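Some structures are shown below for you to check.
Paired with chain B in one complex and with chain C in the other, chain A is shared by the two complexes that follow.
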Partner chain A sequence: MPLNIIVLLKHIYDENQLKVNQATGEVSFQGVPGKLSTFDRNSLEEALRLKQKSGGSVTTLTIGPQESEKSIREGLAMGADRAILIKVPNVLQMSANEVARIIINQLESLQPWHLLIASEGGADTYTSVLPSIIAQKTGFPLLSYLKSLDILEDGTVRGDRALERGIVTVKAKLPAIVSVVSEINEPRIPTLLQIMASTKKELKTIVLEEQAREDKYFKILSLSGKSKERKRIIFEGSAQESVPKLVDSLLKEGALP
Partner chain B sequence: MVFPFKKLNDYEIRFTPEQEMFREFMREFAEKEVAPRVQFIEENDEVPQDLLKRMAELGFQGIAVPAEYGGQGGNQVTVSIFSEEIARVCPALTALIGVNGLFVIPVLLFGSEEQKRKYVVPIAKGEKKGAHATTEAVAGSDVAGIQTKAEKVGNVWKLNGRKAFISGGDIADYFVVLARTSPPPSKRERWKGLTFFIVEKETEGFHIARQMKKIGLKGSRIVELQFDNVEISDENRLGTEGEGFKIAMETYDHGRIGVAAQALGIAQALFEKSLNYSLQRYTFERPLIQYQMIDSYLADMTMKLVSARHLVYWAATLADQNREEYKFAASLAKAYATEAAEWAATKAINIYGGAGVITETGIERYLRDVEITKVYEGANEIQRLVIIRQLLKLTLGIDVTSM
Partner chain C sequence: MSSRTSVLSYSEDVDVSVELQSVATKLSESMNLSSIAVAINLPPEENNKLSKMVKDELISVTIRENTLVTPELAFQVLKRIVDEKKPRLIIIGSTRDGKEVAGMLASYLDCGVATDCSFIAFDSNGLVIQRAAFGGRVVATAELIGDSAVIAVRPHIYHPPEPRFTPLINKREYQDIPLKVHVENVTRKITSTADLTKAERIVSVGRGLKRKEDLELIQKLAEELSASIGCSRPLAADLGWLPEETHIGLTGVQVKPKLYVAVGISGQLQHIAGIKDSELVVAINIDKGAPIFQNCDYGIVGDLYQVVPELIKTLTQLKDKT
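So, the complex of A and B:
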């Protein structure tokens, strides 16, 4: 059956180029280039593969500033059919609840849709809560952290959840919300022809008139960079001598069960 | 102030957001899919089949070919972006892909509609490969000095001769081959009487004589081609009889920018590596970057790199605007960028010291790779001649050769 798929794309500050003040932990966004959140390319890739198999359409949905257009265009070049940008000035200061509320409001206008795909987390804040909040508020089934995903003939989605201690196979009726982990696929590189053709695709921009609401459960107090010093311990000697020392040390740190 | 141009805008370079996106994807491709294979390519003098296939599928063989002929609809700027980003990681791949352009450009510019359909489309789509055979052991930059002959017998041409240094000739399906079809009318008109032909690899009497060993660009092999009474139908004549010299020149004018961009990628790689190394490597308990002579090398490398980048994309921009001046700019860019890259390679070795000449660090490879860029598509000595001749032609309308 043809699938109408919605993919959440986020434009983020390139996390590899953030500058952190070592003394205060303050993060500087000045002059840091933006990019499409790394894992979102996996969700888009999965949507495009599903569409290639079953037909249908892929719509990307982004909440962010005007600069997000760069990432959205990348999604269109990869093969999304159309894109929606909901313009807000500072998405980093918005709570996940608020972002979820805006997305849910938008879902209505995208009916009929069958699958909403999100990534395992934003490559910037990596809160990973958005898909769960959307599912909880709308009542659609949630299949999270999938490392594989299939649409069955009876109109259900089945996937393998990649959890820390194993794999759980889950199944749900469409429409459903899924999140995928980055190992699910290798995102495609578009050709020059596809990149140029993407400029003709539809990008709908919606400017939210209302102010962002106060969130009584969730508030961002500060954004700061934490640097972690490595211990740099060297265990010398032969394997017979050094390995037990290493194990002792790991046990002391609580790094081994 | 703007001489030899007319206004400031003549120096303008502009990029579109799509070109920037293309650059970012090319960077990603080179880092993810090419970099891990470089050692294999280097050690085996061979590009893995799957990588060749992948590049063909991504449309690399037809970047500047119009979409109606199966290409990507790009232009000289996008070809340059591609060349630079790929060469930054593996200059040999730029050459290996670039030779398809040397087949495609003359066919697109001078070929018949049938020739374009039959030969350009499959190359642009990545199903076949092309190569360009002008150079001989006795004639390189001196195109008119070639000895290969074609004689017309009825409606068929008989080709005899030998071509040398043909990049990608070992894997190509189609070749454009330049031959002398009539003797030069006079010493001054040596360039007359040359004609291009399209030759398919299976044609009787045509074979690869031998592979030539070389330094640099491992993976992009060069061969000698032998033509013994190779019969070519007149349909496979490219352009009109006697038009060969002009076709060759037009082709190299375009190809030259690609070579300049290839050198630019090499310079970029060397600069990045040298800067990194200078920050990490300590000697006498201080990082290299604290030494003034090292900084002097790095600063000069930066100047040359940035200047080369402006020249390359400026020449490409002029070519895309169909400006006659692009040939002048292409020669500036080619000579400058290739020499800047070579200079950067020697200085990178100074900065790296012993680590610069062992193969593991990959620095010496760039030095070996860069050498041929000073030679092919017209040696840099020839470029300097072209620069002044073009300059006088464009500004004063003087033809130096007839003074």
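So, the complex of A and C:
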């Protein structure tokens, strides 16, 4: 059966390029480039594979500032059919409950959909509660942390949940919400042609009439990027040259048994 | 004046439940609240073990024998208990299941939620937590406002407490809880008893290792150093060459050994987040530009297949001399 799939995409600050003052630990976001949240590539890849098998459509849904368009275009280049951006300026200050509320409102207008795919967490906050909040508020079943996923003939979704203590195979009726771990697939890299074609695909931008509510329950008091200064003494050359130098240093440090 | 008078704790993993009692006891004492733990479908001996660590009340729920406690089921049970007890604070073990339960409870209660917390306290600011963000690059300190909150605490942060309590044991049976997600099969992993969080020395291996058989080489080095073995996420989660408990990093375990030797690990932020409290970090990697060299004390740029055998040889000779 053809599947209408919705994939949640998030545009985040590139965590590898955050500016941290080593002396004070102060973190600055100024001029830090944005990127598509790493794990979201896996959610989109899984949606595209399902669509290849069953037909249907893949719509990406993003809540964030205008700059999110960069990440959304990447999603379209990977193969999403269309994209929706719900513009809010302050997504980092919003609670997961609030983000869920906006997504749920949007789900109404995307009927009929069969599967909502989220990732294991945002590469920025990694709170990982959004899928469960959407599931609790809507009553749709949630299959979380899947490392494999199939749609069966009888209109159910089945998948293997990758948990700390083992694998649990679960099944539920569509429409359903799933979250996938990054091991589920290897995301495709779009070709230049696909990147160019993506600019012609539909990106619908929605500006909320009411201001999105800031989180009244969660207040960040401080962010610290302080990390231990390492010595960074690097030995090069052949193993016969470098290994004795390393062992010598470890002896002096008293680090050997 | 709030009528919320308890701290409620739950994890589907009894070992984590036990750890949670350390923090539940401390928080409930500092705020003059009672501490209530919830156990669902625990075997009697585990129930008994947990009970000795719970300060005030253990609600021991039985569903049906051999029913796996899924997050959906745990939420349905906890919802009933939360309606009745109206806790000031709910503490959940921040496992994957636990985070799902935490999200559902926070949604149900429309309250603040924080997952993967490494610190939690009531202080002059109120209820304060710490958690990593941005791939572990940043530690966020935050306050949870409101008259209730859900906090998921990272496993292995708190030590299990001494058994010293005789709480009220409240046994219950819940039946006919309607579920939408059905369990078809469960494959339990054999969990190793080695706890990397307490290891003094760790040899850790990453994608630089070409074949599973080559783990033997790493094993030998670990023996020479009397070290435990760890790995980066791909080796455990993608390739399955090593058990998940040995996966070190933001989404795995966070370690603090005296000596950490990273072999063939490039050193992405998420991995560094798991080793930042190590005293001394040594890196062996073929790529001079690998980020691990920015985050180590000593490093060797070279092919691990040449460096590691040489290192084993040198360490053996050293032992023979002494």
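What we mean here is this: the second predicted complex is superposed on the first by the 207 of 257 C-alpha atoms of A that agree within 3 Å, B and C clash if a C-alpha of one lies under 4 Å from a C-alpha of the other, contacts with A are read in each partner's own complex, and residues count from 1 in each chain.
To be clear about the criterion, a contact is a pair of C-beta atoms (placed from the backbone, for glycine too) under 8 Å apart; a residue touches a chain by one contact, two chains touch by 3 or more.
For clarity, every value in this text was computed on a predicted model and none was experimentally measured.
Trainee: Please work out whether A:Thr199 is in contact with chain B alone, chain C alone, both, or neither, and reply first, second, both or neither.
Mentor: first
Trainee: In the superposed arrangement, does chain B or chain C reach more residues of chain A?
Mentor: C
Trainee: Is A:Thr191 contacted by the first partner chain B, the second partner chain C, both or neither?
Mentor: The answer is first: A:Thr191 touches chain B but not chain C.
Trainee: Return first, second, both or neither, reflecting whether A:Ala77 touches chain B, chain C, both chains, or no partner chain.
Mentor: first
Trainee: Once the structures are superposed on A, label A:Thr125 by its partner contacts, choosing first (chain B), second (chain C), both or neither.
Mentor: second
Trainee: Between chain B (first) and chain C (second), which, if any, makes contact with A:Gly225: first, second, both or neither?
Mentor: The second partner, chain C, only.
Trainee: Return first, second, both or neither, reflecting whether A:Asn105 touches chain B, chain C, both chains, or no partner chain.
Mentor: Touch status of A:Asn105: no partner.
Trainee: Per the contact definition, I'd like the list of chain B residues that touch chain A in the complex.
Mentor: 17-18, 21-22, 25, 28-29, 58-59, 63, 67, 71-74, 78
Trainee: Which positions of chain C touch chain A when the two form their complex?
Mentor: 13, 68, 70-72, 75, 95-97, 99-104, 106-108, 110-116, 125, 128, 132-135, 137-146, 149, 155, 180-189, 191, 201, 225-226, 237-238, 244-245, 250-251, 258-259, 269, 276-277, 279-282, 288, 293-303, 306-307, 309-311, 314-315, 318
Trainee: Spell out the part of chain A that touches chain C in their complex, as residue ranges.
Mentor: For this pair, the touching residues of chain A are 13, 15-16, 18, 20, 27, 95-97, 100, 120, 123-133, 135-137, 139-145, 158, 161-173, 181-183, 215-228, 230-240, 242-244, 246-247, 249-251, 253, 255-257.
Trainee: Which residues of chain A touch chain B once you look at their complex with the stated criterion?
Mentor: These residues of chain A touch chain B: 70, 73-74, 77, 189-193, 195-196, 198-199.
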